[in-house]
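Here come two complexes built around chain A, the first alongside chain B, the second alongside chain C.
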Partner chain A sequence: MNIQLIYANAGFFTKAALLTLAMFAASVALATLIAVIFGGLATIKNSAVRTAFRIVIEFLRDVPLIVNVFFVFFGAPIFGLQLGPIEATVVSLALWGGANGAEIVRGGINAVSAHQIESARALGLSRLCVFAFIVVPQAVRPIIPAYAGLCTVLLQSTSLGALVGAPELLKSAQIIIERAAYFQGGMPGMTVYTFILVLYFAAGSTLTRLTRSLERRLNRSTQPS
Partner chain B sequence: MDTPVLEVKALKKRYGSLEVLKGIDMSVSACERIVVMGSSGSGKSSFIRCLNGLEKTDEGTIHFLGDSIESLGESSWRRVRQKMGMVFQNYSLFPHFNVLKNLMFAPIRERVMSASEAERKALGWLDRVGLRDKAQAYPAQLSGGQQQRVAIVRSMMMQPDVMLFDEPTSALDPETVGEVLSIIDDLTADGLTSIVVTHEMGFARRCADRIVFMDEGRIIEDCPPEQFFTAPATDRARRFISSHK
Partner chain C sequence: MNTTSHFDWSYLATALPLLLVGLRMTVVVALSCIFFSLILGYIGSAILYFEIPFAYRCVRGYIALIRNTPLLVQIFFFYFGLPEIGIRVDATLSGIIVLSLWGGAYQTENLRGALLSLPRALIEGARSLGIHPLRIYISVMLPVATRTVVPALMNTSVSITKNSALLTAIGVPEFTYVAMDNIASTYRSLENFFALFVGYLTVVLAMSAVANLVEHSLGRGFRK
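Right after this comes the complex of A and B.
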């Protein structure tokens, strides 16, 4: 193992790790927005609207994520958009994550008892208000485990950005390996890949721990003591 | 003669090919206390759910305080529902709000009153139903009877003109039925117009001004409780009464 190689490139790795985190945060934020809107609309009574949204969701879910990334990166100009590799990766992760998240959100919303919606409507509250303040908060708790799983996949999938050239963690690792192999020789791959494996693992397990503590907090606030 | 609070004419309601309400006529005056009875499937729940628009009607008219309401859009129904409280069998308190927030949420949201007024009123109501010490509790920490009492005052917070009760005690333990009924009695004795769907004979006899008895989607008796319980006009009512003794 050539630990010196990691130290020497600490700044480069830090920048790449921060970019990975930023891409992850942006994908989750956008995916959540899409998931709530699409998931919510997929539960409404109007069957034409519902079917339309179900088709979009189904389409995005069925396409492999990497194909989606390439399609957005190379296909964006067709729609008059110039997306760089970072933006293209974030957009495709958001679309894919949003579609999968929409299915999870839909399940959570359907799990909220119809009596809750009815009693809220009987108080004269608007449908939007009932959705935002009565349904969504109750749908959140049961979907946390599945949604956290989706976030973990999104975190890992930021590495697909490497294939279109986004300088995130995996791409940066490849750059360093190539550079080190060229200038210093040897087999830097093992060291560098082990290092980023540890980083991905640390980020993923932190996410899992945060989820657990969030679940515990939500349980504490509404369960009988 | 004052305008009736509610006036229902020839109301019909179908689920597909099944006609559950086959022409209901009924008028409710201010401060009247009406108990609706009937065996399950008689259409009594569908009927009161039509009154506040939770079910769409197919034919007939409903006038509320003189205004026709049967074909309103959702946003106008909201105004009606704010004046027409409804309590359900299953309490349906909002589990993620504490008791105080359950009471204050709708009146503040719909600008019926300010936050400080809502809090003052909510605590007053909780006092009245003996749950002042539960203001900060969550619904899951309350018994069924306590939850139903909170659900009743949650509706009362909107200062309704009419209260609808859809089998308010059917999901409760026999011991807690009494506490909920006495609160309904207490509230409606104040001159609050009410329609209560219930199987509680004692309550109906003691508290109702009129008993409306439904069978197969029609009202077949509509008379004062004394007459209903001692000399029902129909065989169907007689059998119903004896089977619930």
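Right after this comes the complex of A and C.
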């Protein structure tokens, strides 16, 4: 273990960690968008639309995420879509997260009682209004734990970018290890991998703690006083 | 020349034997990891349930560590980091070890939840018959808990199978590795990705079917 190696590359690690966070934020934002749209459409009465979306969701969920990443990076150029490693990782994480999120959203929407929707309709609200102001607020609370779990997986999955060459935390760690092994020797692998494991661990547990407090705050407002 | 953008069935036919070897590797790795992860899960959940003093903290830490860090980093740590302190294991075996440890953490959580939700009367009834606690755990609690948690166990098993694709990164010759290797040597990405999608869908859907069968047969005699 030589901690010196971490200090010497502090700037490099900071840049990589920031890129990881940016990729995480972008994929969560896009995945949420996809999840709400797909999840909403999967609850529609029209069975053809519902089946079509169910098939897309199932398909994305059943294929390993890394195969999705490889497909977007190596396969999509055949269809004329050429993405850089960072973009390809974010797009595939967003698609995969969106498909998984859609399942969660669908569960949340189905859990909203039919009375709520029917009452709102009876008051003359439009379908879109009902969805935005009646269904969504009530569907959010029960899905938070599952959604937080999905976010944790997305945070960890940014590391898959390393396999297509996105210079995020894992890739940067590999670069530093190779450099150190070549120029200095010693055991850079143990040091650097332990270091980034600690970083990921800290980020993951912070995320868990944030969701717990969010959950507590949202539940407080529904406590009968 | 526009050869790569057309789907070529004859190429797929020639690549198929190699792809099937890869798929077999994926299935073998996945099945062994599922097996070991279930064993870890049963041991871990017992330790958590009985709150065995020192081991309890170890299992808690193990679960937190596994669940909060990316599997890919764990794989690299094991395969590239540990040799520096003298632990050298070949790629396939280290893949199986890491994936089993990863799955074990999730299976432990699944089983712990099931054990906690067992009715107290069941355990108290067994205790009052004078059965040894370990015996109660093995012959009374485990069968009942397992039955309630089959869907979650199968979910984790499917995740293990899908995550075996990550072992590509350390050169385990499984399904994804074979397909990506084919692409690298022939540039036929369309056919190989098609094979990957179909192969993984088949495996995962087959596992869901098995899960339904297992759930059905374990639930036999308990339906009202």
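The rule is short, and it goes like this: the second predicted complex is superposed on the first by the 225 of 225 C-alpha atoms of A that agree within 3 Å, B and C clash if a C-alpha of one lies under 4 Å from a C-alpha of the other, contacts with A are read in each partner's own complex, and residues count from 1 in each chain.
Just so we're on the same page, contacts are C-beta pairs under 8 Å (C-beta built on N, C-alpha and C of every residue); 3 or more make two chains touch, one makes a residue touch a chain.
Note that the coordinates shown come from a computational prediction; the quantities given were computed from them, not determined experimentally.
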Partners on chain A (chain B, chain C) - clash or fit: fit
First (chain B), second (chain C), both or neither touched by A:187: second
Superposed arrangement, angle subtended at the Cα centre of chain A by chain B and chain C, nearest 10 degrees: 110
Contacts of A:152 with chain B and chain C, given as first, second, both or neither: second
First, second, both or neither for A:121, with chain B first and chain C second: first
When both partners are placed on the shared chain, which of chain B and chain C touches more of chain A: C
Contacts of A:212 with chain B and chain C, given as first, second, both or neither: neither
Touching partner for A:201 - first (chain B), second (chain C), both, neither: second
Minimum C-alpha separation between chain B and chain C after superposing on chain A, in Å: 28
Overlap of the chain B and chain C footprints on chain A, listed as residue numbers: none
Chain A to chain C touching residues, read off their complex: 59, 62-67, 70-71, 74-75, 78, 152, 156-160, 162-163, 170, 174, 177, 187-190, 193-194, 196-197, 200-201, 204-205, 208
Footprint of chain A on chain C - complex, ascending: 4-5, 64-65, 67-74, 76-77, 80-85, 162-166, 168-169, 176, 180, 183, 189-190, 193, 196-197, 200-201, 204-205
Contact set on chain B toward chain A in their complex: 52, 54, 74-75, 78-82, 85-86, 88, 90, 92, 94-96, 105-106, 109-110, 138, 140-141, 151, 154-155, 158
Chain A residues within the chain B interface of the complex: 113, 115-116, 118-127, 129, 133-134, 137-138, 221-225
